[in-house]
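After this come two complexes, each holding chain A, first together with chain B and then together with chain C.
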Partner chain A sequence: MKRTTSPARAFLRGIPVTAWMLLLVIGPLAFTFLMSFWSTDGMQITAAWTLKNYALFFTDPLYVSVLAKSILLALAIAVLAILTAYPLAYLVSFRIRRGKQLLFMLSIIPLWVSYLVRIIAWRTILGNKGVINSALLAIGAIREPLTFLLYNRFAIAITLTYICIPFVFIPVYTALEKIPRNILEASSDLGAGELRTFVNVVVPLSLPGLVTGFIFAFIIALGDYIIPIQLGGTQGIMYGNLIWNQFGFAFNWPLGAALGFILFGIAVAVLTATSRFGTTEGGFLNE
Partner chain B sequence: MGDEFAIELHGVRKVFDEVVAVRGFDVRIRKGEFFSLLGPSGCGKTTTLRMIAGLEEPTGGEILLEGRDVSHVPAYRRNVHTVFQDYALFPHMNVERNVWFPLKMRGVSLADTRQRIAQVLRIVSMEDFERRLPQQLSGGQRQRVALARSLVDEPAALLLDEPLGALDYKLRVAMQKVLKDIQRKVGITFIYVTHDQTEALTMSDRIAVMKDGRVHQIGTPDEIYNSPATAFVASFIGDMNFLRGRLVSSGPTGCAVDVNGCAVRTARAACLPGGSAAEPGSEVLVCIRTERVQVNPHRATEHAVEGTVKRIVYRGTDYEATCAFAGQELRAVVSSVTWDPAVAVGSPVRVGFNAADLSVFPLSEGSEIIQYASEAV
Partner chain C sequence: MSSGTRKRGTGLKIFGALIYLFLYFPLVIVLIFSFSPTKTLVGMQGITLKWYQELFRDQGLLTAFLHTILIGLASVSIAIALGVSGAFFLSRVNFPGKGVFRTLVLLPYILPGIIMGISLLIFIRNFGIKLSWFTVLLGHVSFTVPIVMFQIMARLARMGPNYQAAAMDLGANPVQTFRYVTLPMIRTAIVGASLLAFTVSFDEIVISFFLTGSAWMTLPVYIYGMLRFGLSPKVYAISTIILCLSLVLITLMARYTGRSADVYRVGKQEARARR
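For the complex of A and B:
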């Protein structure tokens, strides 16, 4: 017995998800995309078609250089987040037997705390009278507070890495949990010690989770504008701030939309380039 | 000695969180031997195998591999390989790379060893599948690749953990022959874990029968089948009748048992744990294979008793006739070729058997057999 779905039925079934996508994803995106070709007249947005928003991006070196610096910083943050979250996920997945669930929850619990609260917390850690400086002053290691800790790219990198860790941890942990344990035993049985098992078996099999985590971290870091405002100081302006400024201060929504779409294009390009390796489930070859 | 034996176990024990998985295993396995560990699930056979592989550390005792003590050597430094029940092939490597893996771990490049890999794949008849990924292969094919991967660097022994358990019946029977042929061809020691007695009997040179972490008997298939050392071995292997009786006399040449008033003589001494003498008057179990029980025998048998047929089951190649005998039941399995069609339910028959086919075990030991032979009671 073969059950076939009639084309009419299949069409009806597709309506809710299509409607949802149109209303909540495609619609707003299309509207923003259209807006990126409009102009402003004083404080007023007018539907006068123009390419000058995109032209400005390519002609004014400010935009390209900020974008380039932001991409580099986001790459560094994604790498740092992986270097921090991968060992954690490896330990929780492979080394812990009791309290594994608890450790998993603790690893992602920062997601339950308000984003802003966590940012302010880092300011109190890195600030002139913050935890690190106070401690170092108290033990006499320094005479003056260290100033390189806050209001620069270093602070952005540290805080964004911290923000990204759960987003890397979850897909990597899921991928590691999916590796059948007898495959690791087989590797050991066939002559590979722990390090070589890690390099030859664990890393390749967790690659989908790793790539997914990398993409999450990279895109979160590239688009963020709150952390640069709060902790970045004058040097720490990032591409997200440029977009935010157009909407929040300059009231140049069409330019903001155009800058936003360039960021969107980069995100799509990264996703396309890596979709071969990553899946949201962290599985391998859909098996 | 080290030259003769591939693997030696001396008093090997394993305790998991106060649960004894293996209690004192002693055996010497010769080079090139096909040695099976047979027993129901939870009997400690897999734990024993994993200790030989180095995947578990023994709590006590010694494991010698080609004469060298490897009891506490990690798995990756032991010259033995395991074939896992679900194959455990590396899903991200094709067949060739899977087979290359143990050689790669020894620092041999793929180019230098292509010939060897092709040769091993030929042995397992998988030579045209080098580029395939494991998930593109059937269960039987994965099994062969797992075998090739374990054979490629010529280990001292191959450890097989229920390797055919995941295959369907026909394929399993076919793979039994393939495995045995390969073992003969490469001449490597095989240690084979199974709960399937037929598999163990047909393939092995020797079998260790285990239950609850204890080794009940180590012997050739013939010894295991025809001279079971304990009631458990008798009940676990083959199809066995158990009759309750009382020991009348016992000696080295045989014993006399009273089965509900019917005198039964055996040609063998009663098997007792520790070889102690059985006390006359104690309760015992008399065992006889169902195929050794004859219905209306043509030739005279040492015992011939009157009985009534209670049940007849036709099973294709044979008939199983259950006969009432001395207040108990005795099942006879008779080939369809020699079956007398005149025998019907309720008809009186002569049930015949010989003293040499009987074994006697103390009843206390026999209590653990019941779950495997409930129809005998």
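For the complex of A and C:
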């Protein structure tokens, strides 16, 4: 494909989307970056330049430790989502003939089911008077409601894994569907068993999808602030809550902007670091 | 060996069935609770519609519902105008830095919602604009544009530029080419993209939360407020209605995008964009 610059007239079409980008993407992000170097005077935000918002992040152990815990939890959630979504995608892509389209739809429908409804559902299941506890009480397995189900990291992990599964399923399934089936036959003809074919052929070829899914899940989990509020309780404060608090209770927007930009930096770093996988493997899959 | 293979296959199928159970059990729970006269599942007696009747008496909820529909329609209309022109721009025009431009378009879609939420809030408040329906609309336009744009781009990529070239060769002017050749070919993609963008807008809370004033609320923000007083049966009733609405939208979406695979085109494009 030729990579030449098009005639000037063709750029007219780009005006609306460029305006949108400047007003609703670049402008807000750039302005937030600027504000992260501002100060507060009581409740008043002043454009007095300072590094103290970033200094506070590195010196106050609260911020770094919450971020570290959130990263660990997000990693755990991404791993859990892959451990559930990968086998599911493998099953639908390789093992199902009849009803494949239906199972595919069933796997991705939860993506479009309201986020809030899913939160409500998990609060209902895990609560003290929730589905699990009332069922266990009714069959006499427990006498007191289990309290470790809700308002902690466990509840956050379950709900976010639930939300991330379709986000992992889609790129993994897409990658699996692209694997030419005769490669598997070749592997089998050369004497590799099913497991060996899976480890040496299927997994490497689906790696771009796997990485994309992992990144999706990790970023979704790391940036969430509503699930920790709804299901995390006091134990389950996440990095997103620290940002949210600066806009809600604390009213320290410059600090919130700085915390937000640190999250932005992490997201961009993760996306850039993993884009390499998309390049080489994706190129191979285009054959 | 064949029996071993079969056994492994069965194990995988059982695992798959358990995951589907995990995915749908919570939704079924919401559905059941919305019809339950009592708050508990064990010993549920009979079925009631009274929580649904109560919904219709909740003036605040009805207003919020109307707001959500209006915001969805408005933001999708704007996103179609911006997204279709933008899709033609990115698909057909070459310029240096195109890859970066593509990534920037996708940012509102890839970044955690909280970053877009605080950035838009800070930017909008800096211009002294008060939080209202207008600020919520801006927030929704920020993420509906990439959704529409990448759906249309996927269709344009499958079409190739030859049809337009042929029309022009046969003497059609650019307006005629668009009206009689391009538009009919991308019409279903536009409908599919609108439904997809509307579904996302209808449900959005993470960004809206930052841009909503105290008076003008969308439905998810209103329900979030209801949750402060615990899980009431009314919450389950409105949740069930939302569930049914999203199912209808998904079914329509799958139909209009032809292959249901198009539903996830944005995610695929995202992976491609990072190359």
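Here is the rule we use: the second predicted complex is superposed on the first by the 253 of 287 C-alpha atoms of A that agree within 3 Å, B and C clash if a C-alpha of one lies under 4 Å from a C-alpha of the other, contacts with A are read in each partner's own complex, and residues count from 1 in each chain.
FYI, a residue touches a chain if its C-beta (ideal position, glycine included) is under 8 Å from a C-beta of that chain, and two chains touch if they have at least 3 such contacts.
A quick note: this is a predicted structure, and the numbers were derived from the prediction, not measured.
Participant: Please determine, from the superposition on chain A, whether chain B and chain C clash or fit.
Facilitator: Chain B/chain C on chain A - fit side by side.
Participant: Applying the touch criterion given at the start, work out whether A:Val131 contacts chain B, chain C, both or neither, answering first, second, both or neither.
Facilitator: The second partner, chain C, only.
Participant: Taking the superposition as given, does A:Asn182 touch the first partner, chain B, the second, chain C, both, or neither?
Facilitator: Once the two structures are laid over each other on A, A:Asn182 reaches chain B alone.
Participant: For A:Arg143, is the partner it touches chain B (first), chain C (second), both, or none of the two (neither)?
Facilitator: neither
Participant: Look at A:Gly191 in the shared chain and tell me whether it touches chain B only, chain C only, both, or neither; answer first, second, both or neither.
Facilitator: In the superposition, A:Gly191 contacts chain B only.
Participant: In the overlay of the two complexes, what angle sits at the CA centre of chain A between those of chain B and chain C, given in steps of 10 degrees?
Facilitator: 80
Participant: Contacts for A:Arg97 in the overlay, against chain B (first) and chain C (second): which applies, first, second, both or neither?
Facilitator: Neither partner.
Participant: For A:Gly27, using the defined touch cut-off, is the partner it touches chain B, chain C, both, or neither? Pick first, second, both or neither.
Facilitator: A:Gly27 sits against chain C, while chain B stays out of touch.
Participant: A:Ile108 in the overlay: touching chain B, chain C, both, or neither? Say first, second, both or neither.
Facilitator: Touch status of A:Ile108: second partner only.
Participant: Check the contacts made with chain A and report whether chain B or chain C touches more of its residues.
Facilitator: Touching more residues of chain A than the other partner does is C.
Participant: In whole Å, what is the nearest CA distance you get between chain B and chain C after the fit?
Facilitator: Between chain B and chain C, the shortest C-alpha distance works out to 7 Å.
Participant: Going by the contact rule at the top, pick out the chain A residues touching chain B in the complex.
Facilitator: 180, 182-183, 185-193, 196, 200-201, 204-205, 284-285, 287
Participant: State the interface residues of chain C toward chain A in the complex, per the touch definition above.
Facilitator: 5, 8-9, 12-13, 15-16, 19-20, 22-27, 29-30, 33, 39-43, 81-83, 85-86, 88-90, 92-96, 101, 104-105, 107-108, 110-116, 118-124, 126, 138, 141-142, 145, 149, 199-200, 202-203, 205-206, 209-210, 220, 223-224, 227, 231, 235-236, 239, 242-243, 246-247, 249-250, 253-254, 260-261, 263-264, 267-268, 270-272, 274-275
Participant: Tell me, which parts of chain B touch chain A in their complex?
Facilitator: Residues of chain B touching chain A: 53-55, 74-77, 80-82, 84, 86, 88-92, 101-102, 104-106, 133, 135, 149-150, 153.
Participant: Touching residues of chain A toward chain C in the complex: what are they?
Facilitator: Going by the criterion above, the answer is residues 2-6, 10-11, 13-14, 16-17, 20-21, 24-29, 31-32, 35, 84, 87-88, 90-92, 95, 101, 104-118, 120-125, 127, 129, 131, 134-135, 137-138, 162, 165, 167, 170-171, 174, 194, 208-209, 212, 216, 219-220, 222-226, 230, 240, 243-244, 247, 253, 256-257, 260, 263-264, 267, 271, 275, 278-279, 282-283.
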